[in-house]
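Shared between the two complexes below is chain A, which pairs with chain B and chain C, respectively.
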Partner chain A sequence: MSRVITQEVARGLYKATRTAHVDADVAASFKVGDAIQARNVNPTGHTRLPRYIRGKQGVVAADHGIFQFADSLAHGGGKQPQHLYSVKFTAQELWGADAPAQDSLYIDLWDDYLEKMA
Partner chain B sequence: MTSDDEVALRVRALESLLLEKGLVEAPAIDEIIDLFENRLGPQNGARVVARAWSDPAFKDRLLSNPTDAIVELGFEAVQGEDMVVVENTAAVHNIVVCTLCSCFPWATMGLPPVWYKSAPYRARAASDPRGVLVEFGTNIAAEAEVRVWDSNAELRYMVLPERPAGTDGMSEDELMALVTRDSMIGVTRALDVGGEVAP
Partner chain C sequence: MNGIHDLGGMHGLGPIVREENEPTFHDEWEGKALALARIGLAGGHFNLDEFRHAMEKIPPVEYLSISYYERWLEGTIAMLVEKGVLDAGEIEARMKDLS
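Right after this comes the complex of A and B.
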């Protein structure tokens, strides 16, 4: 028998208790300013690495700290806490030479999505 | 029958069923409606923006430690646990999209509008933000920089719109009325002093 949703249960659903931030001691593979390339991978299940970013080159703009990894959580692989970075890609890198030279896109990418530029 | 009527009928039928089967108690439904009508919504974000426009020390805290600065004003709820606030200026215009789904900062902005979740917005805000901005009536100078923020992961984003010209003497409450949901997504500017959408 499922639990009846009372007013108290409803209140609890919207409390700020779902941070994905994890207090863990995990080394960062990258630092702000590092040039990176997003891995060109094609997982069959859930991922937060969109296709338009895969294989593209960017620069680490900020380190948000350590977060649970959405991909592994979705696949029953646990939290696999790791650094989550804000990574800057130029509009021209993503969309070609016709895009305005000064425009850019920032996206949050986990350590496992990234590789260092040679 | 309009589609709104159909939705209302379907919701009423679902509500009756859930109540009759004893799965949900009526006060729980009232609680959730009250939450999204009165407690979570862009009026919270507008308060945050108006405070930042009025209080430079708060603005500094909001940009450097947004989650805590927002909690300071009492806005603490699910989908607001890890916030990023980006500031629009004459030189930089920020616009937020969730290309993968519909992630949105509920604590400060409530639920996302339908267009925000649509495939065309999610695709085009990323690939052609200036084109999307023009469709929202927002013209960005050619020499200004456009930054798109894809909230694909665990952070939730809010834009701090530029304070409109001619608002120097306005109180925080008066300023609040100029801050729209769309201006905090970054698809428009804040309203001008006349209450119109500024191009």
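Right after this comes the complex of A and C.
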């Protein structure tokens, strides 16, 4: 059985609004201003936590709200809705003392990627 | 996955070359590759995160030697086979027909 995708159907598919935002009630583990550390993990599956961030210390700059979790959805898991934050890391934290002191990087990270500073 | 896609902080990859008036597609097949992936996604055959992971699993040497939309095409093929939409034999047979 084949589904025929006409031009009209394709246009509809393109226009359909899709969002990774989830309308759910999930508690945030962190709030803006919290000092955090990115977990040092090495999952063999899909993750949106790059290696250069793992184990580094930063500060929660914004809470985007609740979003479905890519690491789970990539492997047939559920949405595991959780807070997604913009987290600020200084360039010197990421790349060492030679990095420009005024530079920093903001990266969106899910709740599961973070832990409170010890 | 600690794969070749996670390039942040790596050296030796050469300068970033900016193309003036870069076209949306450099060849017609690139648009078709994009459309095929988008239709597979929109049709619910696979999701975006599965698709991204399929591209991450392209062997490192191949990943670095193929173009952006070749990765899209490889990822789409891998997904369509994994999800049982097509089988690898069908794709090979069609490629033989076209060559």
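Operating definition for what follows: the second predicted complex is superposed on the first by the 117 of 118 C-alpha atoms of A that agree within 3 Å, B and C clash if a C-alpha of one lies under 4 Å from a C-alpha of the other, contacts with A are read in each partner's own complex, and residues count from 1 in each chain.
Operating definition for what follows: a contact is a pair of C-beta atoms (placed from the backbone, for glycine too) under 8 Å apart; a residue touches a chain by one contact, two chains touch by 3 or more.
No experiment lies behind these values; they were computed from the predicted model shown.
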Point to revise | Partner touching more residues of chain A, whether chain B or chain C | key: B
**Study point:** Contacts of A:Ala27 with chain B and chain C, given as first, second, both or neither
**Key:** neither
Practice item. For A:Gln7, select first, second, both or neither according to whether it touches chain B, chain C, the two together, or no partner. Key: first
Exercise for review: Could you say whether A:Gly45 touches chain B, chain C, both of them, or neither, answering first, second, both or neither?
Suggested key: second
Practice item. Determine, under the contact definition given at the top, whether A:Ala74 touches first (chain B), second (chain C), both, or neither. Key: second
Check your understanding: Of the two partner chains, chain B (first) and chain C (second), which one does A:Ala97 touch, if any: first, second, both, or neither?
Key -> neither
Practice item. Name the residues of chain A shared by its contacts with chain B and its contacts with chain C. Key: 5, 10, 13-14, 16, 50, 52, 70, 94-95
Point to revise | chain B residues touching chain A - in the complex, by the definition given at the top | key: 22-25, 27-32, 35, 40, 71, 76-82, 84, 99-100, 106-107, 126-130, 142-155
Check your understanding: Which part of chain C faces chain A closely enough to touch in the complex?
Key -> 1-2, 6, 8-9, 35, 38-39, 42-43, 47-50, 52-53, 56
Check your understanding: Contact residues on chain A for chain C in the complex?
Key -> 3, 5, 10, 13-14, 16, 42-47, 50-52, 70-71, 73-75, 94-95
Point to revise | Partner chain B, residues of chain A touching it in the complex | key: 2, 4-7, 9-11, 13-21, 48, 50, 52, 64, 67-68, 70, 84, 86, 91, 94-95, 100, 102-110
